[in-house]
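Every chain is named by a letter (A, B and C) in the order it is written, and numbering of its residues begins at 1.
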Amino acid sequence: MSSEPAADPGAHPGPAGASEPRIPPGPAVPGGPAPGPRSPVRHAPVRHALGRISSTAFLALVAAFFALPMLWLASAPFDAHPSITVSVPEFTLANFRAILANPYAAGSIVNSVIQAGGAAVLVVVLAALAAYALSRVRVPGRDVLLYVLLLLSSVVTGTAAMVPIFELATRLGLVDTHLGVILVVSGGLLPAAIFILKDFMDATPTSYEESARVFGASPMQILRHIVVPLVRPGLATVAVWAVASVWGGFLMQYILLRDPDKSPSAVVLFTLYTEGGQPDLPLISTFSLLYSLPVVLMYLFVSSRYGFRFHGGIKQ
Amino acid sequence: MISVHGLTKVFPGGVRALDSLDLEIGEGEFFALLGPSGCGKTTLLRTIAGLETPTSGSVVIGGTDVTALPPGRRDVAMVFQDYALFPHMDVTDNIAYPLRIRKVPRARRRARAAEVADRLSLTELLGRRPGQLSGGQQQRVALARAIACHPRAFLFDEPLSNLDARLRLEARTFLKRLQDELGVTTVFVTHDQGEALALAHRIAVMDAGRVAQVGTPAEVFHRPATTFVASFIGSTPMNLLPGRMGDGALHVAGAVLPVPGDPPGGEAGRGAGDGGDGGEIVYGVRPEYTDLSTTRRDDGFAGEVAVLENLGTATLVTLEGPGHLVQAVVPEGREPALGTTAWAVPRPGRALLYRDDVLVGRA
Amino acid sequence: MSTDAVGLGKSRAVVFALPALVLIGVFLVFPALWTIYLGLTDYRLTGLAAADPQVVGAANYTAALGDERFRSSFWLTAQYVLGSAVIGQAGLGFTLAWTLRGRRGAVRRVVEGLVLLSWILPGSVVAFLWIALLDRDGGTLNALLGTPGAAWLLDHPMLSIIVFNTWRGTAFSMMLYSAALENVPVSHLETARLAGASTLQQLRDVVLPQIRVHVLTNVLLTSLWTFNDFTPFLITAGGPEGRSEILPFYVYNTALRGGQLGFGAAVSFLILLINLVFALAYLRLLRNRREVAV
């Protein structure tokens, strides 16, 4: 498992001779006395090769474990006779027609776009305004407020709050509306979004804004001309994260929407394979693929453009 | 042109950055705010700009009290230490930004930007982003942006500190010439006394939120009003030696010096004379005005030659005497040998006497 | 130094921050507080108690604690979190990061890509992929293992969702540990190796002490997320016969499907409390680390 071949031990007759007491191989203090026992080092090349082989074998196994469930998604959509088992497909694109034949599938993609897009716009705009104010104006208790909000957003999850949220949405008449989904999921995404954007804004020197201010720019002008262009990577990060969360999210959409005409793809797909009867495999496979593609492409885009920036606690 | 009355700024947390400060800056003047870091000079500049709100006191620009006005309505332009060029705009858009805020039509503001850029030899760079410019070019773009909006006054915060040593000299000359040509009142902040002496018409030396002295470069150099100013101004620090007045003479570091007679300036002699016998004083003389003698002199400070520092055309000699260090500048080729004894002799009329840190006379 | 660098002013700052805070207040803070109240009532989705709910005090809590199904659900949840978050995701994530450290090129890209892909695919897609994989009759797993007719989801529902969630969430741990391992100085590992330490000894004596905070962060976060994860519901729905009914499913099944909103709110409140413990521990960790860094 060593990352490089061990140096030839014969070349360095260490100061610690055989007469010195052997250092117990336990707590190897960094910077402590050098070479102790020799035997493991002497066999290093063999051990190294064995380690390399076993680690490669382990990685192959892991790769197989992770790939196995996804193989079906790669093969079934293009198989003229898709079955539940993975098999080499008899290539066809005809299965994609099934999406159009289903009354809800195509529409659900539109619903997903509306809900994910709406939530992303709302979260980015509101979080940017709030983060800017919190970053630039020192209000007493600001840091505590941010911590409490962040704490709440990880505590009040959809799972923990589905009962009151369902009840609240019912009373506000938000059940079966896109707006209901957008507002509810935005409330959960906002604290972390504010936190991330505040980090970006804090990293921007205030002299840009002060300079604009001396030239007479109003706060809204400063925001539009200076701040937004400067924190664009942060806005993009938050937007992508919000879209991905809502696009893949299930629980809130599932409890807030009863009307299949309003349901996003996550919910429609679930009903496709849980409703009675033989599952329509051509439809499920092609629809799954189509529905997965945007998030995968988005991640590829983000990781190639900005590198995979990764904020702890960003995934919900 | 710019005047400041009783200006006080206390930051939350209790730091008193400005302490009832008064200052008058004349029309067209090139004015330096000089002082060590933390003396309040940047706070003063930012308060004039309107970026800080004073705790009390007022700021008047061109006869108008602007204390309550936001920065954008004071008709001043500021160049920041880091230049604050907007990284997402090219040079043209940066220079034209103040005009964009004033809703000047796009074509006119581009023309104006090109005109100013031409004046500052920036024409080649108009299409570039700040990130593609050298430090000196960025500085000139920042100046161009300040010029473009025709302000009543320029405010520069450490305009040269981000440049390397050689470029700084070039930029200094350029800046002085530019200010001279434009004739616009300019206030700049610096911690570099050489920069202040070289550029400014007048200098305010600041210490702990107050003005220690205001004067022309010659005044603050030759007659520093306090020991603080004396030790701050000058490329080599002034010799400040504790002494005593008695028996009709000054007793300073083993030397016996004549009490100044009635030198020109009047108040100096009076001050010294008032000290009377036994008065504790501080005797100050610049190394540049101190000659070195290798033979014994009663009017010189004796010491062993401890350090020789080559200044190029001259050498700074440090003498170590009993309980004191004295420095003298000697012309090249006249350096004493290390370890030998020498006497540092102040030139007549060049020494200053301080009592309780305040200038009382010249000797 | 400045309290208001851009002259936004307190009032405008409030206007800027208010919309976000209102939205958070209405859809995050209020539901959490309301849960407490609802949990003290006999509120139901339909029927008499729907129109006129009565405060019943702690009755819901005593009922929950006395309910065999709740206790079993709680126990299953502990197994699920320990098995899939702590052992599965954190364990596999660390092993992967350790094995991939120092590797470049295709092997690393393929493994990382696959692990990441399983993390970013939408939940309802991966749920069906696992249903297909574990299917009794035509499932690929049975075909591979030569165990036709093995009904994994019926006979081993907990094991199935534990393995599923390990598969689903390892990416986060892998990335976190990869970043952490990059900060372990190579010289320290080499010193240990020269002293003759085995791989396990190196891990114990050199690596773990240096990434202790990362391990704690990782275990806390993955546990919190796993505890609140609803995705396995799409595979087993808590069945068969409640044998994979972890707490999130229990709440859904009793409150929204069974209509006992008051009772469900009481259980929700217990979930909130457990979340709070995790989150407080995490924030404390975060704050300590920041203080150290500053």
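In the analysis below, a residue touches a chain if its C-beta (ideal position, glycine included) is under 8 Å from a C-beta of that chain, and two chains touch if they have at least 3 such contacts.
Computed from a predicted model, the values in this text were never measured in an experiment.
Student: Report back the single chain whose CA centre is most distant from the CA centre of chain C.
Tutor: B
Student: Per the contact rule at the top, check every chain pair and give me the one with the most C-beta pairs in contact.
Tutor: A-C
Student: Would you mind checking which chain's mean C-alpha position lies nearest the centre of all protein C-alpha atoms?
Tutor: Chain nearest the overall C-alpha centroid, as shown: A.
Student: Round to the nearest whole Å and give the separation of the Cα centres of chain A and chain B.
Tutor: Computed from C-alpha means, the inter-chain centre distance equals 55 Å.
Student: Based only on mean CA positions, could you tell me how far chain A sits from chain C in angstrom?
Tutor: 13
Student: If you average the Cα atoms of chain B and of chain C to get two centres, how far apart are those centres in Å?
Tutor: Averaging C-alpha atoms per chain gives centres 62 Å apart.
Student: Enumerate the residues of chain C that touch no fewer than two other chains.
Tutor: 2-3, 5, 7, in rising order.
Student: Show the residues in chain B shared as contacts by 2 or more other chains, in ascending order.
Tutor: In chain B, residues 51, 70-71 touch at least two other chains, as defined above.
Student: Please set out, as single numbers or ranges, the residues of chain A touching at least two other chains.
Tutor: 210, 213
Student: Sort out for me which residues of chain A touch chain B in the complex.
Tutor: Residues 205, 207-208, 210-218, 221, 225-226, 229-230 of chain A touch chain B in their complex.
Student: Hey, which residues of chain A end up touching chain C in the complex?
Tutor: Counting only chain A, the residues touching chain C are 1-3, 6, 23, 25-28, 30-41, 51, 55-56, 58-59, 62-63, 65-73, 83-86, 122, 126-127, 129-130, 132-134, 136-139, 147, 149-168, 183-184, 186-188, 190-191, 194, 206, 209-210, 213, 219, 222, 244, 247-251, 255, 265-267, 269-270, 273-274, 284, 288, 291-292, 295-296, 299, 308, 310, 312-313, 315-316.
Student: For a test of understanding, state which residues of chain B touch chain A in their complex under the given definition.
Tutor: Going through chain B, the ones touching chain A are 49-51, 70-74, 76-78, 80-82, 84, 86-88, 97-98, 100-102, 149, 155.
Student: Would you tell me which residues of chain C are touching chain A in their complex?
Tutor: Per the stated touch rule, the residues are 2-10, 12-14, 16-17, 19-21, 23-24, 26-32, 34-35, 38, 92, 95-96, 99-102, 107, 110-111, 114-133, 135, 137-141, 143-144, 167, 172, 175-176, 179, 185-188, 191-199, 201-202, 205-206, 217, 221, 224-225, 228-231, 234, 237, 247-248, 251-252, 255-256, 261, 264-265, 268, 271-272, 275-276, 278-280, 282-283, 287.
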